[in-house]
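Two complexes are shown next, each including chain A; its partner changes from chain B in the first to chain C in the second.
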Partner chain A sequence: MSSTTDVSPNPTGAAAGRPRPGGAKAPARRGKPGGRDLAAALPWITPALILIFGVVLFPAVVMFYNSTRDISLSGLDKGSVGFDNYVEVFQFPYFWPIFFRTIVWVVVVVAFTVVISLGLAQILNKAFPGRQLVRLVVIIPWAASVVMTTMVVYYGLEPYFGIINKFLVDIGLVDTPEGYGWTKNPATAFMWSIIVAIFVSLPFTTYTILAGLATVPGDTLEAAKMDGAGAARTYFTIVLPQLRGALSVAVLINIINVFNSLPILRVMTGSIPGYDADTIMTMIFKYIQNQHKVDVASALSVVAFIIVIVIVAVYVKVVKPTKEV
Partner chain B sequence: MTVTETRAMLASDAGHGASGRQTPPRKRRYTADQVPLGNVLLRMFAGLVVLAVFVVPYLIMFFGSVKTKSQILSVDPTYFPTEWHWENYLDMWSTPETPLPQNMISTIVISVFATLLVLAVALPAAYYTARFKFPFRMVFLFLVIVTQMLQPAVLTSGLFRQFTALGMIDTWAAMIFINAAFNLSFAVWIMHSFFAGIPKEVDEAAQIDGAGRLTVLFKINLPLVWPGIVTAIVFTFVACWNEFAASLVILSTAGNQPMSVALTKFVGQYSTSWQYVFGVSIVAIIPVVVLFMLIEKRLVGGLTAGSVK
Partner chain C sequence: MKKSLRFGTALALAATASLTLASCGFGGGDGGGDSAGGKTTLDLLVPSYSDNTQGLWEDVITGFEAQNEDIDVKLEVQSWDNLETVITTKIQGGEAPDIYNGGPFAGFAADELLYPAEDVVSPETFSDFQDSFLANAEVDGTAYALPLIASARALFVNNALLEQAGVSAAPTTWDELLDAATKVSKLGGGVAGYGMPLGSEEAQAEAAVWLWGGGGTFGDAEAITVDDPANLPGAEQIKKMIDAGATQADPGSTDRTPLMEIFVQGKIGMQVGLPPTVGQIEDGNPDLDYSIVPIPTKDGSPFTLGVMDQLMAFQNDGDKQEAITKFFDYYYSADVYVPWVQAEGFLPVTKSGAEQLQDDEALAPFLAVLPDAQFYPSSNPKWQATDGAFKSLFGQIQSKPAQDVLTEIQKQVDAS
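Showing the complex of A and B:
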């Protein structure tokens, strides 16, 4: 959470760091803002406060509270059980495999997304006929429903009639039309989920990097060229360091999104019995929907919540996305 | 740096244009004029590969949507449809798996009203926090950021219990509130940054001319922050349109569910009517893709304006 406070001194968002004409020479017309200013502000911000407290913060409190309660299958609160729900979460024999699978899920998806996006951005940043069309097409998985994108891949991998499977057979990667049972087998279904997750994460990441590339000074590139630096050397010594801000932000947002991602695994691996392709997020929904254990689901949600906070905090501490370059 | 702020920055490029303080447009780098033809061809080839990768899943979807059921489930499938069965786009609305017309209406109602609610709530807050100082202003903005760190998926069990207690479980209203609440922070930040980009002198001049606060907001500021509002609307609408996790748990009646949830019922069926799944998907995807493409220029640009330069 430390990152969020960094922002406070400068609430102007994108305008931060830009010269603000008039800002400096216009002194405060009044003294410190007081109670009357707060009263004047309330009509403007109260609706937002109601939404934030009522639909985000209060449910979070409800979730923490429920994680210590015994809630019957029908939803009746039968009193406090202390940390029994947490004990159930951690004693579930598949918990640690699921935990480590979640880490693999996040790390692999984010790492591949960033590396591939760096390449994509490089291509889209160069001038060539039709570039605008390619840029527009890259947006599609960003706007399209992740459920629908995943479903077409799921269908494509089906034995015999799946088109992706047929393609893999045709190019010789798979040797029978029956295919590999990609979506029937937890390990391969999980692998394909990772591929889909990377695919749908690429547009946002690529566009973030493209925005970063726009800040690389043209004359520096020119100078590097004059000095005889090759394309690779220019990229790694000049362009990549400039992308630090864009990259660290893209990684942070991707970590949060990928960790919280439900639809891909739900579609790809949801019909596989057992818990061999689950992440923490899909497990939460299995507790709620299949087992009707809202109390245990709440405990696992709290665990997930803490994991996200820890990952983000560590990341912000190590990478310092706000650091000026 | 936070998620919201960055997303706001990512999308806010035009805001500075609107404020009239933008630096002159930079020369496009890597201009084609001194690039050898071989390089241009290489780039075009790379672009073509990218194009293919990103369009193929949706082409499969489209081709599948005009095949017959026996074609799409054929053990010897063809990449392209051998016959084009456009009537699928009429027939697909009645399938036994789920009431798709109702799901479509559900998606539309939830997205439209959640977007309107976001706009009604975020616009005043963004305007006021960008323009006026008041006690706890930073606390308020911090709260807005906190909501961005939380996604509905991780709070589902809390949301489920709360809306059950309120008797609002399985209602569109619940999903309208949830979608609005979780998209609020982005809308506030993007519009906040646009409002902050308008010099205060503009307001002061108008006030000297006798304009009231509301007149200043609606007549003077709104036209200038219009690009920010459009961006906020598009992002919110698309996010609501595709929302999945909370809808999955909150909406249990088939007819109340949005498309994203309804379509998953086709998975794992013995013989799925994939042609209908894909027809519906195409219909659901096109509007939001077009919306996103309309603001493409604003997706690129503003990201590193504050943090790196």
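Showing the complex of A and C:
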């Protein structure tokens, strides 16, 4: 959990990173009343600072601190062990499979989410009777509890009484009468988790893109039409480039969200023994829940934190989300 | 241990209610002096097992106080979630209760806080306890806790399915079980012979049923020995069952509760269940034709996986031993104890209690196996880690060699 709050400053930091230099230079040029300015500003920014330190930085520091301690089963701190916990994390034979599975998880979920959302947003952007209603319906997966949504799918997939299994048996896709244990086998459970994750990520992404579509000026579309561009051409050369801002924000937030997502995998793959369907997040959970190793879990959290930062940094460098079109 | 004896979310409500009740109305006195007016006061700290717990204890206390007017018993009921925090805080504050109902006690015994069980009950009461339970309450050969309630497991058999498959009698050995389960599985139509829940929910229980049934053990208070040659026959037999198709599909990742539902719906030939399973069948499918038999073992010798909670007496000032003894003797007398256990839906730990409940059709099969109960090594500090390792790793036995799984579990326990 803590890592969710830990990484959250990055998107804003990343997004604000570019305009900041210009803005920062301005007061410096004015002279050097920096000290007095700061004193005057302090009362106004203190609440925000407290919040940032208390909610964002403090847990991150504690997480890092814990990762270098030896913490007993009952939670007693038994002193420093240096980087032994990290050694344990990396020496765990399933670490690399789990790492690559996490990457697959993030890439597949985010890619499908974005592609499907682009289509959905396009539909919702057209005027048609009942559009308000359809737009509301799209929000439902977002409004519903993720655990609840996942539970519904999980029970649907149960052999013997699951409705999805029953359906697949009835149409002849599954030939055992009690159905197939979709959530009992690592590969299929992981696949279904991806489907659920895409499902719950769609509303946010769709709405972000929808907002982006609303900012595409009508005259650019008109101009394209007058120049004789077809629908596909208009979309790919006029609309899509103008969606850049919305898209990049949607992708960035989705990457972080999906990477840090625990509940879906926890529910869908929770009963599977071993580590063949785990991502880094569920592994952190298993360290805490099953092995009571808060110290090692903290070390893995720090590793996860660094991975997210690297992914985000690479993404920002390559995509340049804030670059003007 | 706590978890397995904790039924339903209603407990939380009950506990809240009990807390408020305990803090106001009860006890009468001002909670001051221990021996106000020449009376001895006994503090009783208990967890809430069900909505009835508070009332049941109050009845016991009313009856006891009527007989012993010089003793005043003060009841405090806590939820299971709070219990251990409360007792630790009380001990640290030098206000340990005189009598405490809880799970782990080895730590208290090691700190010399407890009376040996023999010192706080009469010899008659002491000899009335089932030996297997008393043995489980021992630290270094001395029993420091009194068994309170127990829960045991037995094999639930779907008679109709077995008959259909041409199996005449319920199995008592592994070979018979494998044979019967294979035949039932062959009936087809999604029917499984043996319900084997090795999923994370309670993998340690199903593992114990097999590994111990083959003569194995998880270890004792000193050492956890999962990777032990004695455990291998059981583990191999699990694989044999799976490979023969005698179980439901994907046993390694099937959880117990949903699987029991499927047994209740009549789709599984045999599955290991608990006393509350009887009520579950009553609610879900009262027409089910089933019987309850002892768990089959390698050589057919009787065995069950037991869970028990204890009562223990703290040596506060050392002057209440007599009053405590009186209270325990009163409580464990069959007339008081049996209705108490029955109302809570557990099994009695006394021989006289077992005799009296012999005719209870639902409990009788469990009582029959009770003397052969074996327990988790829960007094071992590493038990918690062992429990977790079983939950997350044991199901792999479906696809991995048995020895590898045992080794992996042992490794994870040792590393904790």
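As a convention for this text, the second predicted complex is superposed on the first by the 263 of 325 C-alpha atoms of A that agree within 3 Å, B and C clash if a C-alpha of one lies under 4 Å from a C-alpha of the other, contacts with A are read in each partner's own complex, and residues count from 1 in each chain.
The working rule: a contact is a pair of C-beta atoms (placed from the backbone, for glycine too) under 8 Å apart; a residue touches a chain by one contact, two chains touch by 3 or more.
Remember, predicted model here, so these are calculated numbers, not experimental data.
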| item | value |
| --- | --- |
| Which superposed partner A:Asn290 touches (first chain B, second chain C, both, neither) | second |
| Which superposed partner A:Gly270 touches (first chain B, second chain C, both, neither) | both |
| Which of chain B and chain C A:Thr176 touches, first, second, both or neither | second |
| First, second, both or neither for A:Lys184, with chain B first and chain C second | second |
| Chain B versus chain C as contact partner of A:Ala144, first or second or both or neither | first |
| Contacts of A:Val134 with chain B and chain C, given as first, second, both or neither | first |
| Residues of chain A touched, compared between chain B and chain C (which is higher) | B |
| Partner chain in contact with A:Tyr160 - chain B first, chain C second, else both or neither | both |
| Shared chain A contacts, counted only where both chain B and chain C touch the same residue | 160-161, 177, 270-271, 289 |
| Chain C residues touching chain A - in the complex, by the definition given at the top | 188-190, 192, 198-201, 203, 248-250, 252-255, 258, 261-262, 265, 267, 381, 384-385, 388-389, 391-396, 398, 400, 412, 415-416 |
| Touching residues on chain A, where the partner in the complex is chain C | 73, 88, 158-161, 176-181, 183-185, 270-274, 286, 289-293 |
